[in-house]
């Protein structure tokens, strides 16, 4: 499913479909197909070489963008899911468990889980977690600390669920407590923003030693629409807000909020799962190797300094 | 309000009431009054010198028996109540807060709170706490540990609330977690059983360095009625079950479950609040003094050994 | 705590004639080849009914053959209260049960290998007075936890209990904090502590060592709960839903990490225990 | 996060004519002698409406006279995103606000005595862009916490904020973990950290340093919550109850230790801080 701004590409793809449908295409047809494919790639390259922040938001929110369970399938040889916060419930908006990466590194994986269809989205609440989701995540992080396992936290959420029940059960407390405990967790924590970094909902599991971000992911204090409706008094001004808020990976790298940008395949991760899994897998492996030897004390003090530097009047 | 088995005393007291109602009693009446008062005291002494376990249960459950707020009023010069478990709610079945004892010793006080009338009982659920009550207690104990304050835990509950909501929110987890955390709490913990020590509901805040018990309190794995209905197939056999279960202070002292029995005024604590406050206050003062100097490490290892010895085939 | 009566309703005995080739599943009444029933470790793959196992069967199913050495085999029940009820003396009843089952208490503990890995394993046995928690049970759990700390082995416990044993009164109640204090030491030593909840895991056992595991594994349809169903229904004056206090209910409410059919337990444990790096 | 619009509805300004001897309570419209209104620190003892205070008023009300020395007085807002919206540049807007209020950021921090006891006090000021949390705010909180650790003084914070300041985008969001990391250090140093929640304590501030206090004190009727009321109502397609996200609501739901009318705040803090023995 193509995005609006990809219409030039879509047109070519429709032609290609027709041509490829021909039973045994003659030389001329085959040549046109090859030509069209070259044009398609060029078009895609041009589009994605100059994505506006607002276009990046569309890519980040693409329904076929790889989600946590896709990353788990693509990056691990084993995943033992763990459920429940031992207090109230088992939120499906955040899931996690023990996992063995392809390089045999054992980790605790957790993160937001979005749905691929309406049924899944209803179950996992579109990746918007409730307090019990954050409290489950904290329990798993403490378990990782006890077993000496690094934590991999995947972020992809429109935001923490703004429901009456979530508010009633302390969404604010759950997020605050998570950040405080993650700040001093005595095990390596790698945070990976893969899709939407939705404000408090994201930072609730976003405190770590290394923060990585997919090339077309976004990370913001507020959604462009929300910001536009307040500061521009007009929700349709989301593109302007997206520009002003500096929510794309390059801007965030420049602002020293993230430590690395993970390049995506041409046209975004949703167009080539194997490719993105390969890239993410390699970088994760290297990142973990660099962290595993570091003492807990050093990890925690570096983490403190990393966040302390954010916003210091440079 | 007198108990059934106190009928002999009640009769004398009714006569005394009538006589005392006479405007200006002549010498003879005054003499009879004095005589009757001596008889009343002798009767009371005789009754309370040989209370059966089942009678002790009635005294422990006496509606006018001093409850936590009475002890707080009687033992402290200041009480700053603290509310909430920071997770779900503020259970009124267990209350607690910062307190300054009359000897100026600062402590964290917590315990079950029963009601003196139906309205209070509905609010505090007859002293039967829900998970959020145990989780509030744990938060206050951790706060006491942080501030270096000894913990005073008052026990008086028929049991943990057996409601569907309590079960749903993890009554078992809340009790288990409390015992585990209390076992290693790095501050002195003094436990005082003042009325009913209702099984899991009691031990949920009952792990400490020194366990004290009021003379006519009871402490049991199951209520006499519950035990009778199962092992005697007949709830009315509660007195027999009460005998068999060894739930009175002398038995528990002998079984090395408790460390000290606090003598009650004649006829039970409900007959003389000032007296029981005096006794409890003195003993608490001494007990705290003996614990305050001990290192956290030593406290915790002694606590472990204390409970380890309970049930070791002697 | 009100659980013995439960024994009659919940655990229908197996209708099987010795020489019969069939076993009738007590729950869905399906006829299952005896061989298949044993292969599935006495569970029904149609309705996932899990028949109770003896502690010996449990050890055999989890540990590598001949790898198990029992800890404190001679530690037996005691009778601190000289308890006598309408049915006679507790000491006699326990002695009888002991002779009938060959067990000295409601739990056996030991060290063995699970697919090669050394672990300390504690397994409760419902046949010994409903698997009730008493002085001897708590002491064996504590000693087993100390052994785990000494050898730095993970500790795995299989709960199957009607709760605290009334016949030892307050001593039974004190086994709750006593076992939790031992688990706190395991945590301090950063040793894995896995709690497997089987049918039933109730009362004082659910409210102590069974509910503070690093990871909670429940067998399908197991009854897991603190207060007795009847007591709760009397309290709230309402019928409770069918799935109340089942493993599935606890999974939905956040108190169980996973439900694993019995045949998969050994491999799941092996999988999990590989994640310990301390 | 959707809080500025809130400013108009929630905080009716005071209808008072300079020379008037009366003050009309914006909530219950009672006429109150100005003197009494000031004596009650701008609160209505009929309906317990608490008018917002400036940070200077807050400091004066809590600390002993002339005992306050400000920390990092020159630390001012910054404009990391060079943010410009429909109403113009953030830098200009903030500069204007600064001139108008004399404040350099939405918080002032310092050391002073509260009935003789030295504490570190941080007080937010709603007049500076809704008390919004931005880079400078987070940095001053962090530096204040470090000062508390250096001097081993308790840390008291008075929250009054519409949440994270959008104009500094992700930098504002990062002040949430940054401040929480500082609070974690206070905990490690076993220093008391008391959070006072005043109207409003919302969004990113409620979901960070305000909600991880040893003890939470809220002013009566204060609006305390994470997601905006309107956002929640849109999500659940229902009207929310009147008391939703008030201090009283949070007390009932376990997130606030006590509600203390403003005139009693100073003594309550003095009382509580006496309980620190580490």
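In order of appearance the chains are A, B, C and D, and numbering begins at 1 in each one.
In this section, a contact is a pair of C-beta atoms (placed from the backbone, for glycine too) under 8 Å apart; a residue touches a chain by one contact, two chains touch by 3 or more.
Predicted, not measured: the structure shown is a model, and the values here were computed from it.
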| item | value |
| --- | --- |
| Shared interface partners, meaning chains that touch chain B and chain C | A |
| Between the pairs A-D and B-D, the one where more C-beta pairs touch | A-D |
| For chain A paired with chain D, centre-to-centre distance based on mean C-alpha positions, whole Å | 33 |
| Cα-centroid distance, chain B relative to chain D, in whole angstrom | 42 |
| Rounded Å distance, chain A centre to chain B centre (Cα mean) | 54 |
| Interchain centroid distance [CA atoms averaged], chain C/chain D, Å | 52 |
| Residue numbers of chain B (touch at least two other chains) | 86-88, 169-170, 173 |
| Multi-partner residues of chain D (at least 2 other chains) | 187, 253-255 |
| Chain contact topology (line, ring, star, complete or other) | other |
| Chains that touch, pairwise | A-B, A-C, A-D, B-C, B-D |
| List of chain A residues in touch with chain C within their complex | 78, 80-90, 98, 106, 132, 136, 143, 146-149 |
| Of all residues in chain B, those that touch chain A in their complex | 86-88, 131, 135, 169-170, 173 |
| Sites on chain D touched by chain B in the complex | 187, 190, 192, 214-216, 251-258, 268, 271-272, 274-278 |
| Chain D-facing residues of chain A, complex | 160-164, 166-173, 175-177, 179-184, 199-200, 203-204, 206-207, 219-222, 226-227, 230-234, 237, 240-241, 244-247, 252, 255, 257, 303-304, 307-308, 310-314 |
| Residues of chain C touching chain B in the complex | 1-2, 4-5, 75-76, 78, 80-81, 83-87, 134-136, 138-139, 142, 164, 166-178, 180-185, 187-188, 203-204, 206-212, 225-228, 231-232, 235-236, 238, 240, 244-245, 253-255 |
